[in-house]
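These notes open a run of structures that come right after.
Each of the next two complexes has chain A plus one other chain: chain B in the first, chain C in the second.
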Partner chain A sequence: MTQITGIKLNSIVKRFGDVTAVNNISFEIKPGEFFALLGPSGCGKTTTLRLIAGLETATKGTILFNDQDVTRAEPKERDIAMVFQDYALYPHMTVAENIGYPLKVRKVNEKEKAKKVIETAKQFKIDHLLDRKPGQLSGGQQQRVALARALVHQPKVFLFDEPLSNLDARLRLESRTFLKHIQSKLGITTIYVTHDQAEALALADRMAVLKDGQIRQLGTPQEIYEQPADSFVADFIGDPPMNLIDCRLNPIKGNLEILFPGIKVTIPEEKLVLNKKVDPKKDYIFGIRPEHVILADRKGDIEGKVYAIETLGSMTLITLMVGDSRVRVNTHEMNLGLKIEQEVPIKLNYDMVRIYEKESGLLIK
Partner chain B sequence: MKDFKKVMFRLGYNVLVVFLSAFFALPILWLIFTPFNEKPTLALEFPLNPTLANFAKVFANDYTINAFQNSLIQSFGATFLVIILASLAAYAFSRVRLPGKGIIMYILVLFSSVVTGIAAMVPVFFLLLKVGLIDTHIGVILVFSGGFLPTAVFLLKDFVDSISTTYEESALVAGASRLQIFKDIIFPLTRPGMVVVGVFTFVQVWSNFLIPFLLLRSSEKMPAAVAIYAFTNDVGIPKIDLISAYSLLYTIPVVAIYIFTNKKYGFRFYGGLKG
Partner chain C sequence: MQLLSKKAAMIFILPGLILIFIFLIFPALWTFFLSLTNYSLLDNSLEFVGLKNFFKLFRDQRFWHSTIVTFQFVIGSALFGQTALGLLLAVMLHKKRGIMKELLTNFAVASWIIPSVVVVYLWAAFLDKEYGLLNQLLGFIGVTPRDWLNKFPMWVIIIWNIWRGSAFSMMLFTSALQTIPPSYLETADVIGASRWNKFRDILLPSLKNYIGTDLILITLWTFNLFTPYLLTKGGPGNATEIFPIYTYHEAFKYMQFGYGSAISVVILLINLGFALFYLRSMKGGKQ
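== the complex of A and B ==
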């Protein structure tokens, strides 16, 4: 088996002219880990990946593979494999030649190369396509060929740049599962770039959320989902997205008044313990995931008015007007017998409520 | 009345087409038929008793056969040089981020026609004289290459531009060197462009009279395009029998190259490949 590699980025900065694509990023990837880089378009994910691949050189900072400095090393000295968004299959070579290319440049002899190519192709169930040209393959088949080519020489590190984004929804799901299976089986350290939060949550052991070239949060998918470190991450992660409602907070004699636009809720102080003293003159953001808003039978914390009901197969998404704000409620119950404009009492799971400062976006609960 | 006008128009149109076709077809027909006549003249005559005697006369002449060899040396020499240098230069021009490279490109293309043009012949002649390349195949090949390179680079750069850089990057990550990448990826993908450039250069060199005529001195180095002027008798009257046979032979390589490359690669004037 290949040697398992850990990766460390220390204060990496990458500038293109006066554009700072990556702005002081540091993180560590443990050997064998599946690590995702998630963020909106232009946040520097691809640049970070290309720095790790050696296709770009960092302006500042160092990159270590197993404590060995590779910051200025050529791509070929790093023993990595990369799958590109457009797959980059060589159009003039057959599938077999494509898969065998990393072996060819390593001067592996013909017999062993042929054996390895067939072995790998079988693993990806594309051994019947070996004589075809990439232009004669479907999107899903091309993706498998790209994966096979990346894996054939057993790289130390596996890099992906949005490898699923060219596939249709069904195939994307299938390929995602396949990828996860292959990675878990081989245990190769993997870095996966995507702008699709569901993909990152599903695949990663740990992930980093990027914005404007900086890391906003680093952690396991569960940590990031449950405890988004700032209002950007809170908004970015989750589908349907988290309810984020502007509010003011007003502590009164052991109670906490939450002033939403058009409605006020008063709760005992100990239900919502904040790690910072609240300022009644400041704006805050009240965050709660749709699954933590519960439709109550009789008496709830607040009343809402049904705005829309959408059936999503396994669950129902109900949008309520609470005061002047829209609140999404996600429930597994299917036949609720609700009608539009109907008043419904709701309860909030205060354990799962997150409060952010509006100005800084920082989490204070 | 209206019908009459219509008929007259069609008639006129057809007569014009026939006339024009005949105008362009006549020299070609003359070229094909005349060498097989026993007594070739400047008139178009269908060979009723076809004969190869005129060709035999051409082949009996050492000078003419030698001229064909010279043509091949100069044409293939310039073609290979142009293809190799132009593809390397096109790769660099396409991939290297260089300020003002567009302008450099246009200036080169603009002035390149000067090199093989009449105006520059005197300085080019003296230049070759100084470096001792007058009356050599190399000299002729270099002058032709210099003249055609910029256009060739310009054409090929378009092909290289259309090759996605991710092919190279994926090869780079897979462990390939720059040279390997050029050989395995850039070269095969730009080949259709090289074929176009190659045929273009070959035909231009093959048919050029002026440059070899001026830059070569000894008759045993003259290419076919120049040699054809030797077919006159002592008082300067052209020998139609030899000229006609020789002309037909002269066109064969060009036609053959067109057919061969078109069959093998197909002419394509844009880059990129699918499948």
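== the complex of A and C ==
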């Protein structure tokens, strides 16, 4: 079966004229890993993928496949497969011809080609479509054909450039599950580019969050979700997003005063241990995920006023006004009997509170 | 939504229709009518002769000679020349940047937009036996001077027309190539397709309809091109007497308008045949 490949990027820089698309990126992808590159548009994630594919050449740095330097190697020397956002199925070829094309290029004989095409098509449950042209297929079917074509010659590395963004919401979910299944089953090293944080969290074993051509955080989805390394990542990851509220911090005699816009909370210092001495003159960002804000029965940490209640099916999203800030609360309880403008006490799970420096965006708890 | 009543619409397009009728349809019908007469300026005759002109035409050695020469000219300069060279240039320059591309594009377009008369005199000067630049250049590498226009007249007009017209095909194919999603070729790169694979399996099928359109236009233009007359006058002898020049000679040199018209009608039918053939083969590939 396919040989498993690990990938290493060392201080990769890619410039297009004056524009630096990728600015000194290093990371390592373990053999067989599902690795996601996540970030907003223009962050350099697609360029990074194209560098790994060999469709672009790095300005600086090296790329290794299993300790073999491929920085300047042609795409075809890298034994990879790539699925593009538009699938790039050839409209004048039938499904069978599309799937068989990598074999045709490799001059595999007709008999073996036909056998492999049918085998792969069966694996993707598209063997009844082999005589059709791509134009006659649904979006989901087209995607499966693209996957089949990519996998038919058993590549060592599988690259995806936003392969789900052309599908509608329901199909996207279905295809996501299918992708995850196929990748786990085949165990091919996979790199997946997306701007959709939910997709990255759902699929990846590990992921990198990129912005402005640099990696902001690298880790497992859980690490990144629970402990976003800076305020950008905190804001980018999670749906509904993390509550991020500007505040000042003021340590007074064993207590910590948190001054939110329009409201002040005082807590014992040991409840919120910071890894840096606080400066009362500096601005900070107080971050807490909606599920870690808890509606209290009687006495809470703070009072909030109900601003809106949205039922999301499996949970309820409540937006409160706390002081002058909006705070989202996520709860699984359905019938809360809350009314708009009603005062509610809330508790904060201080273990899960993250504090960032406003200026640098750095995590200090 | 109906913006105009049918009547008002008719009034707006009427001037155009009248002009088309006067300058296109009427002359065509008039030509067709003349082809059935013995109209001649020499003896001022105008009598209906039926298909006599056509029977005469098909027995005329010069007509058959002209047919062969015309097909040589069209196939050589239009099909293999302009279309193939234009496609080759467009594909070679696709996704390329830099000074070479700019230079090549500009030269090709310049040769296309310079007025015919100027171009022809430039070429005549270039090919001149005594003082021509070509012979001088070839002299440097030891080739003896030749009388290109008289010794290789067919080659001269074919190469001249390739040089003259390839820019059009190149530009048409360049914009056609831009409609092909880059991911098609990148997927092929990743798969490991060779240049030839990419050209044959991806670019050529994607360009099929553009090639058809280009062939229709180029073939018809070349069929009806009179400019070679300025280079060779159809000669020496009648070596380069392509259809338009043959027609011109019959109608205006020998003043046989009826006979000339018959030739025009035959040319028209041949053109029509070509256009229908291309259109049909384009349709076949669309499925």
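Just so we're on the same page, the second predicted complex is superposed on the first by the 365 of 365 C-alpha atoms of A that agree within 3 Å, B and C clash if a C-alpha of one lies under 4 Å from a C-alpha of the other, contacts with A are read in each partner's own complex, and residues count from 1 in each chain.
Here, a contact is a pair of C-beta atoms (placed from the backbone, for glycine too) under 8 Å apart; a residue touches a chain by one contact, two chains touch by 3 or more.
Values in this document were obtained by computation on a predicted structure and should not be read as measured data.
Trainee: Clash or fit: how do chain B and chain C relate after the overlay on chain A?
Mentor: Clash - chain B and chain C, as placed by superposing on chain A, overlap.
Trainee: Once chain A of both complexes is superposed, is A:Phe84 in touch with chain B (first), chain C (second), both, or neither?
Mentor: A:Phe84 sits against chain B and chain C alike.
Trainee: Kindly classify A:Leu55 by the partners it touches after superposition: chain B alone (first), chain C alone (second), both, or neither?
Mentor: In the superposition, A:Leu55 touches chain B and chain C alike.
Trainee: Where does A:Gly238 make contact in the superposed view: on chain B (first), on chain C (second), on both, or on neither?
Mentor: neither
Trainee: Once the structures are superposed on A, label A:Pro221 by its partner contacts, choosing first (chain B), second (chain C), both or neither.
Mentor: neither
Trainee: Let me test your reading of the model: by the given contact rule, A:Gly287 touches which partner, first (chain B), second (chain C), both or neither?
Mentor: Neither partner.
Trainee: According to the stated criteria, A:Gln136 is in contact with first (chain B), second (chain C), both, or neither; which is it?
Mentor: A:Gln136 sits against chain B, while chain C stays out of touch.
Trainee: Quick check on my understanding: which residues of chain A belong to both its chain B contact set and its chain C contact set?
Mentor: Shared contact residues on chain A (touching chain B in one complex, chain C in the other): 53-55, 75-76, 80-82, 84, 86, 88, 90-92, 101-102, 104-106, 153, 159.
Trainee: Residues of chain B touching chain A in their complex?
Mentor: Within the complex, chain B contacts chain A at residues 164, 166-167, 169-177, 180, 184-185, 188-189, 273-275.
Trainee: Would you mind writing out the residues of chain A in touch with chain C in their complex?
Mentor: 53-55, 74-76, 80-82, 84-88, 90-93, 101-102, 104-106, 153, 159
Trainee: Mind pulling up the chain C residues that touch chain A in the complex?
Mentor: Residue positions touching the partner: 181, 183-184, 186-194, 197, 201-202, 205-206, 208.
Trainee: Can you tell me which positions in chain A touch chain B when the two form their complex?
Mentor: My answer: residues 53-55, 75-76, 79-82, 84, 86, 88, 90-92, 101-102, 104-106, 133-136, 149, 153, 159.
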